[in-house]
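Report on one structure; see the data block that follows.
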Amino acid sequence: MEQDRILQILQEVKAGAVTPEQAMLDLKMCPFEDLGYAKVDHHRALRQGVPEVIFGSGKTPGQIVGITRSMLARGSGVLITRLSPEAAEAVAAEIEISYDPVSRIAFAGERPAPDTEGRIVVATGGTSDIPVAEEAAVTAESLGNPVERLYDVGVAGLHRLLAKLDVLMSARVVVAVAGMEGALASVIGGLCDCPVIAVPTSIGYGANFGGLSALLSMLNSCASGVSVVNIDNGFGAGYLASMINHMGGTKS
Amino acid sequence: MEQDRILQILQEVKAGAVTPEQAMLDLKMCPFEDLGYAKVDHHRALRQGVPEVIFGSGKTPGQIVGITRSMLARGSGVLITRLSPEAAEAVAAEIEISYDPVSRIAFAGERPAPDTEGRIVVATGGTSDIPVAEEAAVTAESLGNPVERLYDVGVAGLHRLLAKLDVLMSARVVVAVAGMEGALASVIGGLCDCPVIAVPTSIGYGANFGGLSALLSMLNSCASGVSVVNIDNGFGAGYLASMINHMGGTKS
Amino acid sequence: MEQDRILQILQEVKAGAVTPEQAMLDLKMCPFEDLGYAKVDHHRALRQGVPEVIFGSGKTPGQIVGITRSMLARGSGVLITRLSPEAAEAVAAEIEISYDPVSRIAFAGERPAPDTEGRIVVATGGTSDIPVAEEAAVTAESLGNPVERLYDVGVAGLHRLLAKLDVLMSARVVVAVAGMEGALASVIGGLCDCPVIAVPTSIGYGANFGGLSALLSMLNSCASGVSVVNIDNGFGAGYLASMINHMGGTKS
Amino acid sequence: MEQDRILQILQEVKAGAVTPEQAMLDLKMCPFEDLGYAKVDHHRALRQGVPEVIFGSGKTPGQIVGITRSMLARGSGVLITRLSPEAAEAVAAEIEISYDPVSRIAFAGERPAPDTEGRIVVATGGTSDIPVAEEAAVTAESLGNPVERLYDVGVAGLHRLLAKLDVLMSARVVVAVAGMEGALASVIGGLCDCPVIAVPTSIGYGANFGGLSALLSMLNSCASGVSVVNIDNGFGAGYLASMINHMGGTKS
Amino acid sequence: MEQDRILQILQEVKAGAVTPEQAMLDLKMCPFEDLGYAKVDHHRALRQGVPEVIFGSGKTPGQIVGITRSMLARGSGVLITRLSPEAAEAVAAEIEISYDPVSRIAFAGERPAPDTEGRIVVATGGTSDIPVAEEAAVTAESLGNPVERLYDVGVAGLHRLLAKLDVLMSARVVVAVAGMEGALASVIGGLCDCPVIAVPTSIGYGANFGGLSALLSMLNSCASGVSVVNIDNGFGAGYLASMINHMGGTKS
Amino acid sequence: MEQDRILQILQEVKAGAVTPEQAMLDLKMCPFEDLGYAKVDHHRALRQGVPEVIFGSGKTPGQIVGITRSMLARGSGVLITRLSPEAAEAVAAEIEISYDPVSRIAFAGERPAPDTEGRIVVATGGTSDIPVAEEAAVTAESLGNPVERLYDVGVAGLHRLLAKLDVLMSARVVVAVAGMEGALASVIGGLCDCPVIAVPTSIGYGANFGGLSALLSMLNSCASGVSVVNIDNGFGAGYLASMINHMGGTKS
Amino acid sequence: MEQDRILQILQEVKAGAVTPEQAMLDLKMCPFEDLGYAKVDHHRALRQGVPEVIFGSGKTPGQIVGITRSMLARGSGVLITRLSPEAAEAVAAEIEISYDPVSRIAFAGERPAPDTEGRIVVATGGTSDIPVAEEAAVTAESLGNPVERLYDVGVAGLHRLLAKLDVLMSARVVVAVAGMEGALASVIGGLCDCPVIAVPTSIGYGANFGGLSALLSMLNSCASGVSVVNIDNGFGAGYLASMINHMGGTKS
Amino acid sequence: MEQDRILQILQEVKAGAVTPEQAMLDLKMCPFEDLGYAKVDHHRALRQGVPEVIFGSGKTPGQIVGITRSMLARGSGVLITRLSPEAAEAVAAEIEISYDPVSRIAFAGERPAPDTEGRIVVATGGTSDIPVAEEAAVTAESLGNPVERLYDVGVAGLHRLLAKLDVLMSARVVVAVAGMEGALASVIGGLCDCPVIAVPTSIGYGANFGGLSALLSMLNSCASGVSVVNIDNGFGAGYLASMINHMGGTKS
């Protein structure tokens, strides 16, 4: 690829086909394009079939259709996040997609089968945190991960969480999604011996200040192994969970 | 009481012993003075021997000595909070006090014995929260409550807390003291069926912003029965806990 | 119950009916499930007829109907909070409920009669605080408490509050609901010798920042015996007030 | 005055004593200097003997001595605010000043006698607010106002305030100084029918966030007639109170 | 007045017309009602015809009509603030009011003529601040003050302000209304030798954070004589300005 | 100009045509009007054809039409910013304008051709930042600057930015528009040796708090030569960029 | 261990050595202690020789010595974080430790050799971020990870970072440590295809507000694969990086 | 330089001296190093003698001496900012520097003479803002700019600023330094037709919240041509001012 192209330019210089001066102009932007593509390639090398991602929020259905078609043409599946039901309907009129209204994620192309045996557990404090959790879960599934859901296991009813200890213990990565006091991440972080990705949600009212309470709570977690992503950022948590989960090995 | 005094004035008016004009002057401040004294009397009526409280912070040793002497003269014990070791030494040179450097509380006069069988449990998330917890515990003890301490039972090591479930379950009121993510209050609130007074502490660093993270976390607690006092306000929690605990009955 | 089940397992081990290894697996989750049910039972033991609570906000009418039916089947009344008029209408089409549009609370099943003589006073600073206050008052009434309302007694017109001193003085617990400067809690805290639960409201504009001004004001109250719940959290205040009020004894 | 000077220039032009071109240069800065001096003159016209003010904080004793001498030379008294005891000592070695360590205000030159019968009342919520209150009180006194102090009349002990209603009622302006929940301003604003200047103080701890709680509380006051100055700005309140008080008339 | 009423009661007691017991009941609420009514009376004594005020926001048209009718019956004019055009229409269908859609203020009953020669100047930084300024101006006019408007004289075009220096200089009180950087208050405070009431507005976008930028700016004003009311609180500024303006004397 | 007018007045005084007293009145407002007009003239002297600007937000179509007509009459083009499509339609019914719905800018009158060879580069982090960027770009173009757009070159895909290094390097001024983490300004500031004007946008969600994250990030830029304007303030950036760009010389 | 203990109890029940009732009491607290120890065991099973960790801040040298001795006795190495030089000296007088003053970390016992070939890269934006970075790096090294340091590669001098692309690309996990605008995490997140743990630091001044600017910037990172820990939390980042790195396999 | 080096590599390939494969490795890092050096060269090309800059804060005297010596060896002067008097003394013991204690800036090597006729004006609101202003002024002077200082011209005394209008008008760039309400930037921005760089300072107390009030005020400036740097960032303002000033041409 890019490295081949650079080599080719150099060989043309050696062969006298282009002058050094002209080659220099050609080389000028190469390494950067290389940078970009190399990264994508690295992905490919690691795991075939990883879909491309479009952040749907703030894009028109027309723009989404255009980008999706271009990506499908390159042969990869396409994951579209933050897609409102209205936008999904408009996109579906043009391209064949499967759409999940809870996670607000659409998928075009062939969905990858699980390519690892490592399990990601996605847990929520309450039922209202489920849309954010589903964004994480569907993202992770679309990237080839088996996902287990543990919803409504908030710390104010500890027995619900403890009753599922075996599920938690079986995870390679846990995504802990919670609003309000956001304590779920700390409790899970103390129970599990694996990375915990905390997702504060904007669920709540009053002094939660749009998710600030859960965010600060999670950042101040006294449990080791916990890190935090942006408020309501289910996709980011699912993507990172997949990245970590695949470090633990893929199916042979 | 006060109502008697007003009636007496009116009867003196009727009897012509005082003129209406003079009576009006007498009546002017009555209800307000009544207000103040009635409140104090009410206290006394309820529980003999409750000490008076001096908030030591920002007062000179001289001022503290003066106020304490005046209160001792009225026959009540005196609780002095937020007293630095230096100030305590200066005060101790003048009056006989017992001083606890951890809670920074001094006591002058006879300490009340427990006058209720209800137990207050004071729990902390970590060891650094102990000074605030001791302010609550010593305050509650000085007001006649049996106090049980559960220190360093933070949610990141849930087993430490769960191992003490029987202690928690035996409480009439729990004071939950925690900094950082402040999740202790929610977890205890979910486990216990009694009022939980949450005390956020300024313990921590970075995004705890001087106790803000624990404060918001506790205010957003999804457990019922939890209320919150100011950051580091051990005294307020201990005082309120005592008030509630005494509602459950006193020793006969 | 749970303790019986554990005992039964152990007896089966003794009897050789199950192997120690298999028993160990059975025991693994036991104590936690026990934990959960024990708590509910404890409630029941204390006060018969306490209703279950559903936080209606963010649940579909269908979900609410489902949960309510399941709870009614268990024989308890059901309190549904944060129920919009639209949702209430949809629920009422399926189950018989009584709905109060001011507090946005619905009740299904038999409402408990007052089971204590202790009185809870719910006071507000202004008329706009009434919906939050009603959430507290109706909650407390639904949990068996006699409730007295003192509305629009804000500190800028002190005479309105002072004219009702006798009502305030008669309370076992006061719920002080106020937006804007939130001073009501401190003033009541200074007048009364009982626990005061302060509820900041988001009522106001400009520098009240969604209830932050009242919240900070109440947390910084210099009156003893005051604690604070989340902004607009009328339910939490009513629930805690009921908990404390019942500590003062129930009707024989 | 300034207007005379402009007129004089114009008359000199008319008289041919100066050329129009030269006059234009003279006039160029006039209106602005006029602006400045007119303001000072206006002061003078109104009330003889008003002292000049130096904000001492951040100035070296040497600078303060220099400015003070220059002002004394112009014949006015000099008020120096925010002067630390150390700086005061250094200044006192050079100029004769009277220094008050509580308000941290020094005065050089002849102190004005009260020149109005209108009374300013300075009230504080607690004893720790006194330094800020004294800055307001001493400033107002130095500007010729009779000042009455009502200290430690915070709203958590309402009877202390109500017992002094007659003093409050006698004020033309009230300066209400309070930290923590800052409710004093609202309560006084509701009791009095005169302008109330609220001064939030940084006194407190935890969720008072350096005076923010009192500041927001005062800005959200539901009492009419209340306005607010910066946290701890005793001087600003005293100066404004004097300005308003003098509008009510001066001694003949 | 009230004092007369108390005296009368006492004289009736003396005369035996009422029993002391009955008198005590009458007196019970007197001081408080007195407190309230005395305040109103004091107003009356000073300036005849001052209207009562209703804060319209959050009240139904029905409630507003009811309160207005009751006040009109007492003979005073009624000022209704924060009244939306829709609510105004509904109220106007029941009572005769004059309504100003810019200030969102309605007036019922006879409007008072100016009763003082002192002039209030209301100035704004931009044209978008005008609604808040009109709330201040119309309030002040309704309370009997001559008001001069200086709109769109923001500090970024200083010449517009300076061209109106004579108007500013003629004021007894200035109300400075500004959003964004809120510098108008400081500049006017430096130019004028009278009280300046600063009203931050929520006008602006981005880092103005709903008026916070103007609020902080105004609180930190380095000009003496400036105090601040809540964001967008035109009524509060107009009311306080009227209070101060009337201290400077009324028309004979 | 103004200086001529003052001289003329003085000469009339010298000639006895006007009295000094009358001249004084004429002179009173002169410098300020001078101030205003001089500024406009200074503009004109520098660059002919610069359009006047109307901030459309918060003005009615009628007001905009009125101001525009008055400006067109003075012979200058008119730039109208923050004009909604609806308002644009209403204005277009009255005056001939060209309207760009992305930047929400309309132009009336003759558009100036580029009058400098210096190039302004407007770069964005993402595609959602484009509306703000277009406000900057169209503003700068309307003020006579050649503008190059570099959109969607955010730092998370550095190769996209580096591939356009030659464009960046060719700029006299760069406007860096970015939401979320706002890192674009620092990276460009490190790459370029020209002034970089950073525009934080409110694009994002969760912990971006309406643009606060990008704003703080840009203010803390460790690259030299970076300064910041208000969140979403594309116009301000475009205007300042034009001002700086023209310092580098105009076309001869 | 614990599982053995439970099994042993069950076997004793089977053998009739203890009654089921007595066993039940023994079992009661078991699972929780089990919970705790199981976690430690899990660690052990995975990687022999992992040290225990003591958070040194807020503990006295005496306490640290005590805990360390107890841990050494159990045979594990001990990592002590946040240890001031003074405390380190006091501890060193009692136990043999190696102390690193930059990271403020001490180690007692045998340091584990690298047990994995995966490499962790710790990068900083500036030189002042190094202490926090060293806390991360030394922690990771102490947990058996090879660590590569890339210091002072902030985004304002992009070439410094790009020149080390090969190092970055070789990492299994990157810890990105930066204060001020915190853009380093986004840039690295865009360049690398591995998990990036972002550590905001409190380095900076002014509008960095104690690390808030970097924190918000990192949370809003538009690069996938980035998560964030608390401000200055080098230990947390190093611990989590080690956890993830070991998922990629250990040395055979 | 770098471009020469690339050309040289390509010519060696052409000449067969190195293989294309080996050349590719050499080229890999080139463009980035080129990036860095090109930038420095670009500087040099433009203006000979520009000094290098060291941010002294957080560096030891030893480190500063080392870096300075290395820079002096390269032939450029060295500007050291944020150097405390103690550090300056230690550095001065090793290298010959001139140190200014007000701006806390040291200079080593030959100071550049002014190389442009364009004038930078540095203005402050108060005297306490002078240290920040001097950091800007000395920086700009060290970079070859004539600098005029206008100190203590805050908006509360507008005449002081207006009296210096001619100085302001003569500037190519203005640096406006102010704390408290930060209004200076807007007023100057409205008066001048040149870029204004606003520097908020942390000077003030109470509600200035460490410079936040001035920062927000400046960001919300309604004057065109104003941009903002970090709180107290005098160096950044001076550097940017110099960059802009040199765009207006250098001395021939």
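Odds and ends about this structure:
Labels for the chains are A, B, C, D, E, F, G and H, by order of writing; each one numbers its residues from 1.
The criterion applied here is as follows: a contact is a pair of C-beta atoms (placed from the backbone, for glycine too) under 8 Å apart; a residue touches a chain by one contact, two chains touch by 3 or more.
Small disclaimer: the values here were computed from a predicted structure and weren't measured.
Residue-numbered contact pairs of A-H overlap by over half with those of B-E, the repeat interface among B-G, B-E or A-B. For the pairs B-D and E-H, the larger set of C-beta contacts lies at E-H. Chain C and chain E have Cα centroids separated by 40 Å.
Distance from the chain C centre to the chain H centre is 60 Å, each centre being the mean of its Cα atoms. Note: centroid distance chain F to chain G, computed from Cα atoms, is 50 Å.
Centroids built from CA atoms put chain G at 25 Å from chain A. Among the residues of chain H, those touching two or more other chains are numbered 32, 35, 157-158, 191, 206-209, 212, 215, 219-221, 224, 230-231.
For chain H in complex with chain G, the residues that touch the partner chain are 29, 32-36, 57-59, 200, 202, 210-212, 215, 230-233. Across the complex, chain B meets chain E through its residues 3, 6-7, 10-11, 13-14, 16, 19-21, 23-24, 27-28, 31. Chain E contributes residues 35, 39, 42-43, 53, 165, 172, 191, 193-195, 197, 215, 219-221, 224-231, 236-237, 239-240, 243-244, 247-249 to its touches with chain D in the complex.
Residue ranges on chain H touching chain D, taken from their complex, read 127-128, 157-160, 162-163, 203, 205-209. Taken together, the chain G residues at the contact with chain F in this complex read 125-126, 154-158, 179-183, 185-187, 189-191, 204, 206-209, 212-214, 216-224.
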